[in-house]
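Read through the structure below, which is laid out as structure tokens, and then see the notes.
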Amino acid sequence: MKVKLKLYATLGKYLPPTAKRNEIDLTVDETTSVLDLLTSHNVPMETCHLILVNGVFSPPANAANATLKNGDIVAVWPPVAGG
Amino acid sequence: MQRALVIDPGKCTGCKQCELACSYVKEGAFNPSKSRIRVFDFHQNARFVPYTCTQCDEAWCQQACPTNAITTDAFGVKNVNDNLCVGCKVCTIACPFGTVNYNVATGKVIKCDLCGGDPACASACPTDAIAYTDVEQAGFDKMQAWAQKTDAGALQA
Amino acid sequence: MAWMRKLLRVNLTTGNIVEEPLNMEWAQKYLGQRGLASKYLTEEIDPKVDPLSPDNKLIFCTGPLTGTSASTGGRYSVITKGALTGAIACSNSGGYFGPELKFAGYDMIIFEGKAEKPVYLTVIDDKVTLQDAGDLWGKSVWDTEAAIKSKHQDSMMHIASIGIAGENQVLYSCIVNDLHRAAGRSGVGAVMGSKNLKAVAVRGTGGVKVDDFMEFMKTTEAGKKVLADNAVTGEGLPTYGTQVLMNVINEAGALPTRNSRDVQFEGAHDISAEAMAEPSGKDGKPNLLANQGCFACTIACGRISKINEEHFTVVNKPEYWHASGGLEYEAAWALGAATGINDLDALTYANFICNEQGLDPISFGATLGAAMELWDLGILNSEITGGLELKFGSAEALTAAVEATGKAEGFGAELGMGSARLTAKYGKPELSQTVKGQEFPAYDPRGIQGMGLTYATSNRGACHLRSYTVSSEILGIPEKTDPLVTEGKAGLVKAFQDATAAVDSAGLCVFTTFAWTLEDIAPQVNAACEGEWTVDTMLEAGERIWNLERQFNNQAGFTAADDKLPERLMKDAAKTGPAEGLVSGLDVMLPEYYELRGWTADGVPTNETMARLRL
Amino acid sequence: MKSCKCGLNGVKLSMVDPHHVIIGAGPAGVTAAETLRKHDANARITIIGEEPEAPYSRMAIPYLLEGDIQEAGTHLRTDAEHFNSLDINVSRERVGTVMAGQKRLKLENGNDVEFDKLLIATGSSPIKPPIDGMDLPGVHNCWTLADARKINDLAVSGSNVVLLGAGFIGSIILEALASKGVNLTVVEMGDRMVPRMLDETAGNMLKSWCEERGIRILTSTKVTEVVEATGGLHVVTDGGERLPAKLFVVAAGVKPNYGFLASSGIEVGSGVHVDNHMQTNVPGIYAAGDVAEARDLSTGGYDVLAIQPVAVEHGYTAAMNMAGHPTEHRGSLNMNVLDTVGLISSSFGSWMGVDGGTRGTLADQSGYRYIRLEFDDDRLVGGQAVGLTENIGIMRGLIQTGLPLGSWKDKLIAAPERLAEAYIATAHGISHA
């Protein structure tokens, strides 16, 4: 199935070189979890503070149980804030 | 062992915590205008440069002092002795770095004395732009080179 | 201690300047800055006064921690009746101006009346002088600062001034200090302009002391350690700035786009923190050159940016090739997403102009977004706009509009009225994305429900800085709540509002609260100030301040009917993203909020509430 | 070291160690003696000073008058045993003549002193203007500690005091006299105060500052005579005014003390002429301080610069050469700092500008602030300031190093108050925009 991985701020460096605008389309196995997706790109889980799947918060602690479905967009940030 | 302030302007964010710490330790109030260290803001160049006495070997201030009020201690630090300073300000014009300043309130001159070996500015700096380290460490060379840019007067052949 | 215990009262009509003791009884109830100055304002002016009349007053006020080494202890606020809103205005700024005022010996300056001719005030320790500003009038903020420093031969002066926008009383003009820090919102610059006051220049050689120095050092050191160790304030904000939110909020489907027609912007990445860090231009340097801390700030989220020299906005203007204050998230959103423009250099240029001419980029960008919708609907055309082609996405339109607005030239004068007046003039008031006349910032209440209540109840008109529930709803600070639901948001908003009012009154920056709670803050205040400052007393002060502001607004003529959101947010569902199909649930949240506040169903504080808060 | 002078079998004989003789116990002489000792542990070092005091600093005298310090506070070295501990012989004598060829000098007491190397650091003396009445009681210079004691006796609060000369020294004394609460009138021949240190704008700023503080300043005015009157003196001006004075202090300038060298063969110009090693035309004989006509960094020529920091530089450089360490004197920079009843002014180098140079000025008359910078190409060659003390030494740094300012020069012409920024930016290579 196809998913989109978006890694922002300092996590951008874990994206493959072909990624543009901090995102890349990937083909992954049906049972892939958020954790699988991130570890397969060597993203250290302790740096993943904000994970949005299709824009909806997905608790980092639950990444192993968060299985993906076709077309999902996974966006991840290190600790950030704004105002 | 000789230790010195090593300043890395690239790390400075302009927060002035160093000035605040210096002023409280030396003047008993938060008062950056009487800080012995000053951060220059080169806004258009996106640079901040903390600036203070380098305790230079030449010690222009010390040489110029007519009353022997500035002395060098065992660590190479140039100290102003308030009891001897008459406030003539000759050191303020003699220091080619401009790091000896006149304090109108006390009628004496003030300069960095490295807080007797525990400089408050370095402790207060949140980004390690100001560090107090052994002079052997990298970085001091840079500071000396910078000091030498201003080296003048007698030139030993 | 911590307070200087003195204020300056400057009557611009008579030229009379007096020094007064600070009302320390009020300081014990309202702390300082936002709270204390609001107390003075509400005691001294008629709430119904025309904001741009000489009867309005303009107060610059610091907090007790301003000028100390507490992290971010460098804030000041401008309090007045807002030109844009007619509500009580309190605009907070960092930089170095506030501390310098205290070093000169004053907590506060109250400006009254109106000068006959343009003047500026110099406060050089206890030498306080109104000076002729004839030759400064018409100058930009940047040139004004340089000219004043030069005239008084002191590059260590700190200056708060208005640009030509404030002179022209553009309704959302701001007061800018230290080149690019601004008391930005509600039109405080227009009030200053209406008084013919060009600038306030301060320089002090005195010091700020604290009540218990050892305890103060202990608590502030602990506080700094919390900030340094916290992943957000220690690493996130200094490295990425607030702009890192651009992709976050877009992804979360809460980025108001093209005057809130959409909640996601396809060009978000192009104007984000990530884009600012990418090499651009012929020198290969990124837009972002450095980060900057305001006075005493150990976070340093400020951006110092440059514009690509070959970009059309500056190609023939080398005077803009240097570095200056770069895009913060709200500015980038307003100048970019709200207008559908994804040109980072153009946004940076517009931001420079906003700083230079003293415009609030949030209200300007949002107003331009509204004008672009009017253009899109065919209501505006180039005949009306004088040739300005206000197409969504046009960087050229942004550039021309920002230049014209500060000068109040041609259609720029209409843009300078703000979106509420502009859309009303062209018969489409429902297109204005405002509350109490003030444009709301970069969070769509359909995607972040708490922000809907935040905007609707904000005492200075729509604003994110009165209760930043984004922190909880999106970022999970201090704990994660669901942005798409209304449950619990009334309590969340009230808690944020009261705590923020206390932080704003202490002299600290609200950004500390990404890491600090009042548990961290109260001991610092307590060590610096006389009196008992605990979490409870600070929250109580915060709530008191909130109700004081509310009372002023009620007396000014605002009612519960003004606690409302634009029609679009209540009727037009979000089209994409997680909030797809949702509108704001304000109707549900508002009554609950009133009740929690101890207000009547009409939004009026009950007698019990007033008594409980000793108001 | 000194192997040539060592005795048999390497045994050092003190008799053959060189004898360095220094005439003058001011800053130049004392610095030279200490430097010699640092570089030659065995040399015999003698300072011959004529005043019956421990070596002291004239710079400190005004502060003595103000009561800020005691006499001991004027001493160049605080430790009474300082010179003994360095084995430097300080003798209180007056030198009569120098017999350069014989490496010998004759004291006024008739004794001879032999030397291997000689340093002339005899300083300068106040000029006695050719005015009638200069020998009357109540007329004093303010130059020596002895003078200071007399002035202290006469300058009591409320008494009339007239000061001749508002040059650098006059202005320093002015401050001290004003602090004693006397009724002070200052008579200056020039058209402004400190005409040899500050330009018209700055000099007049000082004047009005003083006048605001109740001090009467008569510029473009000469004293024609001083006469005795009841209760003191009358100082008569060329305007015909008779100024009553209990005390008349004369600060009409100084001249180098080289009279005793008349037949010595040592070349004298405006002072004792020295080369870039501080050596006179006679090998082995050096000069330093107020008496020396030495290299001026600003002009490249040779001139007398009678100021404390220069004296120290001279003394150091001369001593290095005397000790056998060839050291070149690049030239000294003329600079002065003055506190005139609280208004601080300073000037450096070619403050009056140079031919073909450019200038940046900024004056705030009512605020008593003034900066004037003088450039040659993109280098700072001179400057003066009133009311500026922050980082002021940077003026010296920039002039002395000749640091090319590049784009900062134009910025400084537009905004001279940014001097410190310019210096730091240039030294750090921050030059954009």
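Just a few scattered comments:
By written order: A, B, C and D. Residues from 1 in each chain.
We adopt the following convention: a contact is a pair of C-beta atoms (placed from the backbone, for glycine too) under 8 Å apart; a residue touches a chain by one contact, two chains touch by 3 or more.
Keep in mind the model is a prediction, meaning the values are calculated, not measured.
Both chain C and chain D are touched by B.
The interface with the greater number of C-beta contacts, when B-D is set against B-C, is B-D.
The chain occupying the central position, as judged from C-alpha centroids, is B.
Chain B and chain D have CA centres that are 27 Å apart.
In whole angstrom, the spacing between the mean C-alpha positions of chain A and chain D is 75. Between the Cα centres of chain A and chain B there is a gap of 49 Å. For the pair chain B and chain C, the distance between C-alpha centroids works out to 38 Å. Multi-chain contact residues of chain D (touching two or more other chains): 390, 420-421, 432-433. Of all residues in chain B, those touching 2 or more other chains are 44-45, 47, 104, listed in ascending order.
If the chains shown are joined wherever they touch, the resulting network has some other arrangement, not a path, ring, star or complete graph. The full set of touching chain pairs reads A-C, B-C, B-D, C-D.
Contact residues on chain B toward chain D in their complex (touch as defined above): 9, 38, 40, 42, 44-45, 47, 49, 51, 60, 63-64, 66-68, 84, 86-102, 104, 107, 146, 149-157. The touching residues of chain C, when paired with chain D in their complex, are 146, 149-156, 321-322. Taken in their complex, chain C has these residues touching chain B: 67-69, 71, 96, 99, 103, 156, 179, 203-210, 213, 224, 228, 238, 289-298, 300, 302, 304, 306, 322-324.
Residues 362, 364, 367, 369-371, 387-388, 390, 414-418, 420-421, 432-433 of chain D are the ones that touch chain C when the two sit in their complex. The touching residues of chain B, when paired with chain C in their complex, are 13-17, 20-21, 23-24, 27-34, 43-48, 104-105, 124, 126-127.
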